[in-house]
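Labels run A, B, C, D, E and F following the written order; every chain starts at residue 1.
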Amino acid sequence: MSEEKQPPIEPISGTIVPRYAGPSTFCRLPELRDVPYCDVAMLGIPFDSGTSYRSGARFGPQAIRQASRHLRTNFHPAYDTEPFKQLQVADAGDVACNPYNIEEAITQIEVAATDLFTKAKSIVSLGGDHTIAVPLLRAVNKQVGPVALVHFDAHLDTWDTYFGAPYTHGTPFRRAAEEGLFNDSASMHVGIRGPLYSRQDLDNDEELGFKVVHCDELQTHGVDHVVKRIRDRIGDNPLYLSIDIDVLDPAHAPGTGTPEVAGMSSRELVNIIRGLKGVNLIAADIVEVAPAYDHAEITSLAAATIAFEMVNLVACRPS
Amino acid sequence: MSEEKQPPIEPISGTIVPRYAGPSTFCRLPELRDVPYCDVAMLGIPFDSGTSYRSGARFGPQAIRQASRHLRTNFHPAYDTEPFKQLQVADAGDVACNPYNIEEAITQIEVAATDLFTKAKSIVSLGGDHTIAVPLLRAVNKQVGPVALVHFDAHLDTWDTYFGAPYTHGTPFRRAAEEGLFNDSASMHVGIRGPLYSRQDLDNDEELGFKVVHCDELQTHGVDHVVKRIRDRIGDNPLYLSIDIDVLDPAHAPGTGTPEVAGMSSRELVNIIRGLKGVNLIAADIVEVAPAYDHAEITSLAAATIAFEMVNLVACRPS
Amino acid sequence: MSEEKQPPIEPISGTIVPRYAGPSTFCRLPELRDVPYCDVAMLGIPFDSGTSYRSGARFGPQAIRQASRHLRTNFHPAYDTEPFKQLQVADAGDVACNPYNIEEAITQIEVAATDLFTKAKSIVSLGGDHTIAVPLLRAVNKQVGPVALVHFDAHLDTWDTYFGAPYTHGTPFRRAAEEGLFNDSASMHVGIRGPLYSRQDLDNDEELGFKVVHCDELQTHGVDHVVKRIRDRIGDNPLYLSIDIDVLDPAHAPGTGTPEVAGMSSRELVNIIRGLKGVNLIAADIVEVAPAYDHAEITSLAAATIAFEMVNLVACRPS
Amino acid sequence: MSEEKQPPIEPISGTIVPRYAGPSTFCRLPELRDVPYCDVAMLGIPFDSGTSYRSGARFGPQAIRQASRHLRTNFHPAYDTEPFKQLQVADAGDVACNPYNIEEAITQIEVAATDLFTKAKSIVSLGGDHTIAVPLLRAVNKQVGPVALVHFDAHLDTWDTYFGAPYTHGTPFRRAAEEGLFNDSASMHVGIRGPLYSRQDLDNDEELGFKVVHCDELQTHGVDHVVKRIRDRIGDNPLYLSIDIDVLDPAHAPGTGTPEVAGMSSRELVNIIRGLKGVNLIAADIVEVAPAYDHAEITSLAAATIAFEMVNLVACRPS
Amino acid sequence: MSEEKQPPIEPISGTIVPRYAGPSTFCRLPELRDVPYCDVAMLGIPFDSGTSYRSGARFGPQAIRQASRHLRTNFHPAYDTEPFKQLQVADAGDVACNPYNIEEAITQIEVAATDLFTKAKSIVSLGGDHTIAVPLLRAVNKQVGPVALVHFDAHLDTWDTYFGAPYTHGTPFRRAAEEGLFNDSASMHVGIRGPLYSRQDLDNDEELGFKVVHCDELQTHGVDHVVKRIRDRIGDNPLYLSIDIDVLDPAHAPGTGTPEVAGMSSRELVNIIRGLKGVNLIAADIVEVAPAYDHAEITSLAAATIAFEMVNLVACRPS
Amino acid sequence: MSEEKQPPIEPISGTIVPRYAGPSTFCRLPELRDVPYCDVAMLGIPFDSGTSYRSGARFGPQAIRQASRHLRTNFHPAYDTEPFKQLQVADAGDVACNPYNIEEAITQIEVAATDLFTKAKSIVSLGGDHTIAVPLLRAVNKQVGPVALVHFDAHLDTWDTYFGAPYTHGTPFRRAAEEGLFNDSASMHVGIRGPLYSRQDLDNDEELGFKVVHCDELQTHGVDHVVKRIRDRIGDNPLYLSIDIDVLDPAHAPGTGTPEVAGMSSRELVNIIRGLKGVNLIAADIVEVAPAYDHAEITSLAAATIAFEMVNLVACRPS
């Protein structure tokens, strides 16, 4: 399409407008309505009615956008990319989700994401709690069928129900498995750690098709080993990448709802992501940022950085 | 009943166990299971799925109890009471509410409160968001029929629905009015202030039977005037007292979900309550403490103090 | 102009998009580019290179906008207004100011405000430190000539220079006096308190034409008295209203650069502003919000509320 | 003494060294060793082993000094004073007190203060918890005999013992009464409020000679009335003024160990102090600032302001 | 004893009562009075009068219990344990210690722990400052004689006296050595780092029998090496494990009294503890959590996790 | 010089005056005016007008000094030094810099540092933002000519101009290169990470003579490798060491202006510095501590520790 030959509209430059000023879009990118085409849409999903402990991720998208002001985005040496020159990236705003009705909210997210895929080739979502992965996976499925799924988290998130509710932030990947939304030979949890609700949790999880990279493997085997395990598992399948910020240690991400000690450092996480250069990333989410528990934006800055890394992965996607 | 002739079991004394030590019950009172009878039960209701802006009141009961350690409770000169010697007060623990299903949670609260009234003459509830007032009023109604209702709040809380939900923290008193849970000739909002969602809000509210004491009347007419307006309105009807901590100014109560500037000082609020000495208080709630937004416990200390004042009001109830 | 007959484009409704979601404009208003005409433009001025103690007001506009999400704006009973139905209000974004060159920044602000007056009838500015009042007054002067000036502040802000710099947050009203930007028979400081840098400060200030309402007059004479003094002073002159958030007591506005104890409560300040209903407000600023020192947004919520009150004053302007 | 004819060495000027820079003495005053004579010595007493709830006042003196950087001190219009020109004021540093032995610490404080009175005419102490009032009163007594005592506090501080300890922050004024350190016809508590540990507390207190100005008298009778009650009580006796920062409401002073709601505003407190202009102030303390619980220095700024007001009272002392 | 054949009373389940609700005991376990027998008692020791810098650990036990709500405890894969099914664990409440008399407090702790050993086979203590290790070691000694001692800390804690006091948080292990409370051929410090008060500190420490694993060995040799050094040192001796939370880096444990940079990550610490599976743990403490300096509970969550790991070690104890 | 034979005046001992008490100089060292000679002067430079994002480093020197109270300084086993016995170290106070005029401030710093070199052999500066490195390097140059330069930072700080300003915290090392202030065959950045403002940034930087040790080399090659690279690069040239605290991960240093995730741990940084024992350190700075964003002093404690390590490096300087 000739229209796409236009160079992308880039974010406001930090040399013209100081980074603490100007629009509150992700990285001060243009809004979706302002671009003639869109390679990657950043989508806020301020929903946290699925949380089981500390709530507050409804304020996550705003906080991630605010922290993203501070990112330097012109050139990323780890990927050798100039992502906002190579891709048209735009901020698609927030999905308006019903805070009082989880099922309705899930439908609203699915509808919004499905619609957004008519305007954007890829979506990077800014959560919100982990409940939102189900409708996002549904929308992705409509585009490309079952995807490889890599899920960074301290927790498995494959419980069945919680207080009778099938859709909560502890259950998305069981629902996704039941609906066949991902390729169960290309699915993986990364960063799992700590005690469990039940001796059966890991077995049940395995039955759903997941492999697990425990967080301690980083301590014993290092980043490159973890990267290799992930790449071997997902191959060149179209990929959905879901990152719960609590995969980071609470020192690196205090602002989240269910922190678990002994997690990854932000350097480990970022380097694993950078190790995935070349995978076929279709869509991604970064979830569970709860700003009321953050300090000096360290959690939302980590999340903003991760979202930006995701865009770079898209920029390196095999064509 | 001869058993009731026993003097009450009092809280752990601060001269024997330092106030920062010992049990985490309200004011370090005995648990309900440890007392042979109960005049006032303190009931935690950790529920916040009805919030519309900042959530987190689910952690309110714990925070209020923790702050209550610090209260001096032996003698209250404003009431000339020794409340924990005059009444057997006990901590009834928390209602287990479903965080994912508002209707179910409301039922759980109603059932728990109704059951508690078989064991305790009065209930002081520690919220939780304001949604919980509906089931509490239902339980009170079963005891004494429609009650006088005095509602301290920055907001009217008489919207119809919000995102289609009939039960939220913005709607309890419309629901209560519809169900006839309070005596509409003895109902009053106190502390209302600020702009409104609609020009009709005040009219609609009046149709439900409420009178309004605007917060600015404190500035212009003072505490005694406000006390008189309330006492004139409620007479000697059995009273339900519902206090949203956001009736206080954000300076006095930052830890809440929907703060509104230009509110009451804690001195004004406490003195209004003290002015109600002698009213026929049956049950009460203090709601909307969101500890994640609090600082140095000032909000939870205010709420703990208010809950203790409520107990003193019960101690002064006409016999 | 027939175009202006269209009803204003209103903010996103909180009944459709939850208040924590949606655009980050002031009160989720439309952007200036989205409205066919504009009665009041909200203008962010993220500049704080004029501060002398705690810096950080450069993050003020963003914080005020974020806090403004929470305001209820449909109907304001104190003014009997539906401001966003009566006026087209829009967010004009931020002025890009040079953080390293105060003079250049002042020029940038003056140019931006002057240009904005070609698109909007009134401007409410969100600071930024108090330095910004000078270029704003210049722009206003080009519209209407010298204005009445009411300045709420703990400090006089009429020093001559500071470290040799003529333009700092302690000097704007001396510069403005020297340039004849305001009508010296209709100028007033309100809320002044505390000790001074010099015995001459008050005398010098008086020579510039200012009258002073000391903060203690609120304690002794009350809000109505202060309102009357202000109204008597300004008459029906076109008015510039400049509010330094430190006019509030640190309990009500901790998030500011030069806090001074013994200040106004937010209730006093808001009620004074409401008492000014009917004045001829042309432009206004709310400055010195330093979010790094704020807690739970109480300072930025106060500032957002004040900015909204200013819009209501415009809505009540005599026609 | 001719040496005293020299004008005082003043603090570092804020027009030469920015207020956030330069020495960490109180108000950037000279150290005691740098002045040829001394009218008022500021004495830090970092001791908090007498606390019963939240500790941390050991960091109080440093925090008060840090906050004092921000004060404007050249001219105080409420007293018509230029205190640091009229008096030689100097910072005497901190008393080194044993944190593990209360009795030894009390002796150390008494020795240090007694010694300091050989070098300075008046002492303003920066606490530290309220235990320190006993040794300070002893040292004052050695100078002028029993003094009038005005004690601002939420609490009476006249318990007998606590956990067997005679010297704690809840007992200083009983010890002082027993030792005859103050004139019991000129002693007064101001700001008392809230419930009590025992019905006898007020009676016991009265037996010790104290009169009480309850905090609620401010609400009902105002600042001038309270000022008059104090002045009537103390007459022209030499005065010791002891101010526990918790006399302020927690909104105004969150950073303290035993906060009590419904307190004074900082405006009320400051205006009462200013109303005492002309009393015969010999020594004073400001205690119970616990910085770990403070926010944005509002508590330590209040304490620093109060300490500065005390210096102004000395400057207005009848000669 | 047939009574012990009953399966343990488990904590309140998070599937029935949300984890933010319900009792405030450690992990919502039963109280000691509610169990017919007890394998491990969790004992709070809210005492901090032995601190030398930041105080506040008196609030540690409450904060650790509150953070423990959030732990998943049913199954621990690192130990292959279901600890609360295998052992009857109960919360024994707090020791009431005199805050004003260190010696008396030590006696109170010793008496309480000695008594508790008549009811419980093992004790895990929640501090409190490190002073409490002495009376705990005394009580343990009465049970099993001198124990192996593994002490995780940034500091040696083997000073002689501090300000003349023999019992402070810097001296417990010298006192313990003098009293022969541990087996000096099986004692070890782990995590020591940073500069020292004296060149003699390490020599003196060695004379007391300690070996030292410096924190830097983790950087250079890794977790397994450190685990081996510890296991080689302690053999199968009955073990007392004492963990000062400041062994963690301030990033992982800001909420403590004497933080020291360059410490362990929580992942390192947890993995070392897990490496000790099979040791003969008799009793343990986790100390020096000062909640006033914590953020988002990351320190108290780390401490709660460590306490839970300790219980798992007991569950794996050789029989 | 015979005068220098006197043993150094050491800091106040923590066994005589508790560490939270006493003077606010760095490590409670003597002031410069109190020592007969000086080996190392600690110099505060409270200047932050060169910041581009979060300001507030003007409060850095005070915060670093306050945190330094807590350091144990008698003996450092990593260097086998007793630094304050081997060297006379003194606190030289703060440079008074004009906050409104960057050029003037730079001159003031250069003059102050040049003057200080007449009194002290080495200078360790406490920033302040990174702008201050230019005048410090100029002063150093006057002493020893061009120096080796090791620069720890997340960012290159070799931009040309920013908003037209040649001197900002993003440009010092380009200015220094242009002026020939360092030996371009012995210069190095350490800890660089993250995306860049431009693809040319690294090339431009290389042209200025810098080698880069990327932060990820720590993950892959370890501390010893990084130490070797640095030592190989600098040889025995006189060295200027400049450490931006943001070289640390935000988990370890939240209190800074331009945080970047995936940084060094404090253990890595401290061990690299210790690995430099024996280099010929002439002067050093630690910059960009912004206390308003710090928590529980973890950032300022890290900075204080680094400054103390720098003094130890001087103590180990080859003679």
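Assume contacts are C-beta pairs under 8 Å (C-beta built on N, C-alpha and C of every residue); 3 or more make two chains touch, one makes a residue touch a chain.
Computed from a prediction, not measured in an experiment: that's the story for all the values here.
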- request: Please state whether the interface between chain E and chain F is built from the same residues or different ones, using more than half shared residue numbers as the mark of same.
  value: different
Message: Averaging over Cα atoms per chain, report the distance between chain A and chain B in Å.
response: 41
- request: Please report how many Å separate the Cα centroid of chain B from that of chain C, as a whole number.
  value: 38
- line: Cα centroid separation, chain C vs chain E, in Å, comes to 55
- request: Could you check chain A for residues that touch two or more other chains and list them?
  value: 18, 20, 52, 54, 58-59, 99, 162-163, 249, 251, 265, 293, 295
Message: Which label fits the chain touch graph of this model best, line, ring, star, complete or other?
response: other
Field: Pairs of chains, among all present, that meet the touch criterion
entry: A-B, A-C, A-E, A-F, B-C, B-D, B-E, C-D, C-F, D-E, D-F, E-F
Message: So in the complex, the part of chain E that touches chain A is made up of which residues?
response: 14-15, 18-20, 70-78, 82, 223, 249, 251-252, 265-268, 270-271, 295-298, 301-302, 305, 308
Field: Residue ranges of chain D in contact with chain F within the complex
entry: 16-18, 20-24, 44, 46, 58-59, 61-62, 65-66, 93-97, 99
Query: What residues of chain A sit close enough to touch chain B in their complex?
result: 48-52, 54-56, 58-59, 98-102, 104, 162-165, 168, 292-293
Residues of chain E that touch chain F when the two form their complex: 52-54, 162-163, 194-199, 201-202, 215-216, 219, 249-251, 254-255, 258-259, 261-263, 265, 293-295
